[in-house]
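The following blocks contain the structures, represented as structure tokens.
Across the two complexes that follow, chain A remains constant while its partner is chain B and subsequently chain C.
The block that comes next holds the complex of A and B.
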């Protein structure tokens, strides 16, 4: 067993080049520790990312909001930039887990874990975010979210690679997130949804809508996107949206036993989200 | 009504600050020189023969031994037995040869550290040869696959009274419901744990955060063939139990391991192990048929219930009997019949769980009562008022008299405070496409100890020290509900001494007097207060007698005043401490008494809950907006603690009503053995609990007290279910009412 805690990208590079198939990258640990326990893994090595300074902080750039992989849910919620410009991400971070989890769980970890019900993933899909991946060779590549997450708990990360930053394109936007879990708080989504609208003169120029927990990874809700396109918020008819939402769920999980519940729950979810739009 | 000096007043718990500050030491904080840690290997298959491959695990540095069935005394026991007079079916072993449920004990890792235990546990390989599995009551009843022996039927009971045929002939309607209640887990904050060591004199000492030290001593004596005198079981600090630690478990594992290794051993569990590898509330499936007359009179009731007993016999007899008992003490019904059957299944054994059978029983019967009220078109409260028991009614199946039953008063007071009539008539006017609103009510009864069923007594030694403090040696187990604080107030009242001068002990088989049954059956406040009152009275007499004999003062002139004795018509004052010294010096006798106490009654405790809900018809989520709990408490000893019990009890049972359920697949795997998947109501979902205490002062009870801790965990469940059915116009009877079940019911309704 090896434990290294690199302080910067250079040291991270060295650590990543030593990584073998039993080396885990750990940030908040809120998912990893549970996985390791379930898998009964003992003789493994860890690279603790939490000290790597280049992986921290939220940067405001002209075309991007650039979020370090180590930024925690609590930090996302505390950022005025995220709160104002990335409403969906703010809401997802705010409602994730418990206070204690939010203090440790990181955005990079949330997507690297690639849980099918991840609240952050569905939001980043809707935003069309890019994931910056840093390698043992010191190279950086940028991968769109839908290529980054390949399936249930599967990503395109190779050995010797780490998520370094998440880039969200800036635009005149209005975004929204919602989820339905087993209870009001501290709950894993049974179904979640993120909407990102590019706005122009009060009209939706482009709608990007994803549903989560209705497949191995977030599913693009094309019927809904088409419906929203070109409309103003005032023109949206709730019943139409609910009907399309139901169709989306039936399309996404035509055989799962959970569809009976989710095709109704999605209607409640969409009602709440539409109601919260400006 | 008698005016009390201490009882009925609000006192803060003595240990609340140290608990809040995290200073309280629990067993997991305790260490011993050379102590071994122990972790059980629990079966991952529900029914299987197995081979353990421990080769790699034994190579982990620090691993001491891995014990299996072959290394352990082969003595069967039943963990529910609490004294030798109960001879239940004995089929449990410290470690098992064959696995009978997911979570069954198949090995024990002993190591120098927890880390080594955990690492070794990861490296133990288990080869299973699967056997057919009985994973549900339906399969169990078919007897096609047998858990053991010739039938899965473990225990059967028929009990009833009255003229059933006559009642049915007179009835206008027979209202029938079928329903089920889930297996739930107690979820004490502290997972199961125990520690044992061999002392300098070769005696086995066991530390138990449990409810029954004398039972643990008895079980270990049988298993180890060791005399009682050489086994000492000490109740230590506990982080909650709710019945989950009422059957000795790790106490026995630790005791045996310490005895075999002659080293201190601490056996611990994590959350998952505690959830699958100990005990759960028995799941039930029930059919209730109630015969009613149009005018609202209940004529007859038939209840037929199957109990999911789990893999070992444990509490099969207790759960059926405890469930049955509560059917006969709530409504005046001329004829009733109960048929109960407990079955073995390849699941975690059933065990005691807060309110023992009451939550399962009232879960269905109280929904059925509402159903019957609907059928005859009567307000469910009025219907109940017409049929509830009256004070001093007899128990129709020969149990103890109901005593000063104040359930009707509870219902009336609750109706008024809740604005029942108005809400019941109008709340649904708020309904819209998304949300439905409703109100519900439910009543419930519970007992006060074992009188009428099992030996019921306790002994107490009460000592007044020369420094003016009092020690009350009594075998009680503080479970976190404030038992010690309550008893201190009763002792303060009995002795006329400030509570802070009184120490109440916790159970220790070596030091505290024998007690008949441990901290269970809602017996502690009722029985122990009686014992303390009797001891206090005798001790006060001794105080007067001392002054009479030594100081030649007529007893009639003496009276107590807060730890002193005063003499009428004189300014002379003696402190209790001075009197203790006088007695020892002049009479060669300490100022103490040792008494035996038996209660001679077992009045019923009652509770009525009112709930208001808002149901999301799209997500199926239920918000309990209001909850009112009205309790026939007899006399609150410390209202602050009583309210705490009622709030906690509501949270406990609302979980069973709305979200808590151990879900099993057809192979007997538990699908939600973690808190991320097993949902209790957390703080955001928990409504404030309004409380009304009805102090009926039962004359047969010491200070008039009645039970509350278990009683509080019953009525809120069916009250919420009745409210949901009121809101939606459904007839849901399968607990818990999860969002999925609610949506399914709404879809079916169309």
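The block that comes next holds the complex of A and C.
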């Protein structure tokens, strides 16, 4: 077993160029170590990303909010910029896991693990985020979230690549996140949803809405998007939204046994979310 | 690898396999067996320790990741033979039954007090939401922490 902890991108590059099929990138470890344990994998090497300085911090840029892959859920919750401008991401981070998990779990890890019920993924899909990937060659490429996550626990990351930053486009927005789990706290979503609205003079100019845990990756809820388009929040009728939500679930998982539960659960979820809109 | 860290206020330097878990490093290499292993997947909170001022599940941190950091475990709460206020309150409120979850609860509560000396009831509940107790029903634990918070005012 090997353990290396690069301090910057240069050292990371060197570590990545030596990665083989048994090398794992670790940040918070809250998903990875459980996976390795379940698979009874012990003969592996680790590249610890947590010391790489270029992967830290939240940067406010003119057109983007640029979040380092190592930013933890706790750091997201503590950022006034995230709380003010990225309400859905704030809520997803706030309700994720427990205090101990939020202190370790990172945004980069959340998407690199590509869990089908990931709360952060569904939010980043709705925001139309870009994922910046850093390679052993020192190159950077940017991939839209919906191309980054390819399926259940599958991403477009190649060996020798790491998620370095996540870029969220800025706009006049109102966003919302909600989830339904088996209990109130420390729960994995049975169904979750993120909504991102581009607002203009109080009207929804463009709606981007995704449902999570109803497929191998977040699913765009086009019926809901069309419904919201052009309306003000006051014009939204909960019953219409719930009916469309039910249809979306039927469409996304027509054969899964969980559809009977989820097409009802989605209505409660939408009621919570619509109730929390400004 | 050579690991350098401060554990319960004392500098520690040891040649270890950086890819072992922090809980194994604490229990096996340092003999600090007060930290308990419950679920091994970050759900139960029994193995909670404080790393650089934050409560973390020591079953999901690799020992190599604490390089240069500062760790506080249950063994570090007692000062000069005197228990920490939280420990005293757990005892006087009967917030302990079998005791297996207790070190984890105490470290979660301690981490909260280090960040926020005057927490509300809501903040206390949120801080220990990642700790599971199968004996007490939580009420006495919350009361013990609330009482400690009150006494610190």
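Criterion: the second predicted complex is superposed on the first by the 278 of 278 C-alpha atoms of A that agree within 3 Å, B and C clash if a C-alpha of one lies under 4 Å from a C-alpha of the other, contacts with A are read in each partner's own complex, and residues count from 1 in each chain.
Note that a residue touches a chain if its C-beta (ideal position, glycine included) is under 8 Å from a C-beta of that chain, and two chains touch if they have at least 3 such contacts.
What you see is a predicted model; the values in this text were computed from it and never measured.
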item	value
Touched partner set for A:40, first chain B, second chain C, both or neither	first
Partner chain(s) touched by A:186 [first = chain B, second = chain C, both, neither]	both
If touched residues of chain A are counted for chain B and for chain C, the larger one	C
Contacts of A:261 with chain B and chain C, given as first, second, both or neither	first
Chain B versus chain C as contact partner of A:216, first or second or both or neither	neither
Touched partner set for A:237, first chain B, second chain C, both or neither	neither
Partner chain in contact with A:276 - chain B first, chain C second, else both or neither	neither
Residues of chain A that lie at the interface with chain B and also at the interface with chain C	185-186
Residue ranges of chain A in contact with chain C within the complex	1-3, 5, 26, 28-30, 33-34, 37, 44-46, 48, 50-51, 74, 97-101, 103-104, 185-186
In the complex, chain B residues that touch chain A	118-119, 121-123, 434, 616-621, 659, 676-677, 679, 681-682, 684-685, 738-740, 743-744, 746-747
Footprint of chain A on chain C - complex, ascending	1, 17-19, 21, 40-43, 45, 48, 54-57, 59-62, 64-65, 67, 108, 111-112, 126-131
In the complex with chain B, residue positions of chain A that touch it	40-42, 180, 182-188, 190, 258, 260-261, 264-265, 267-269, 271
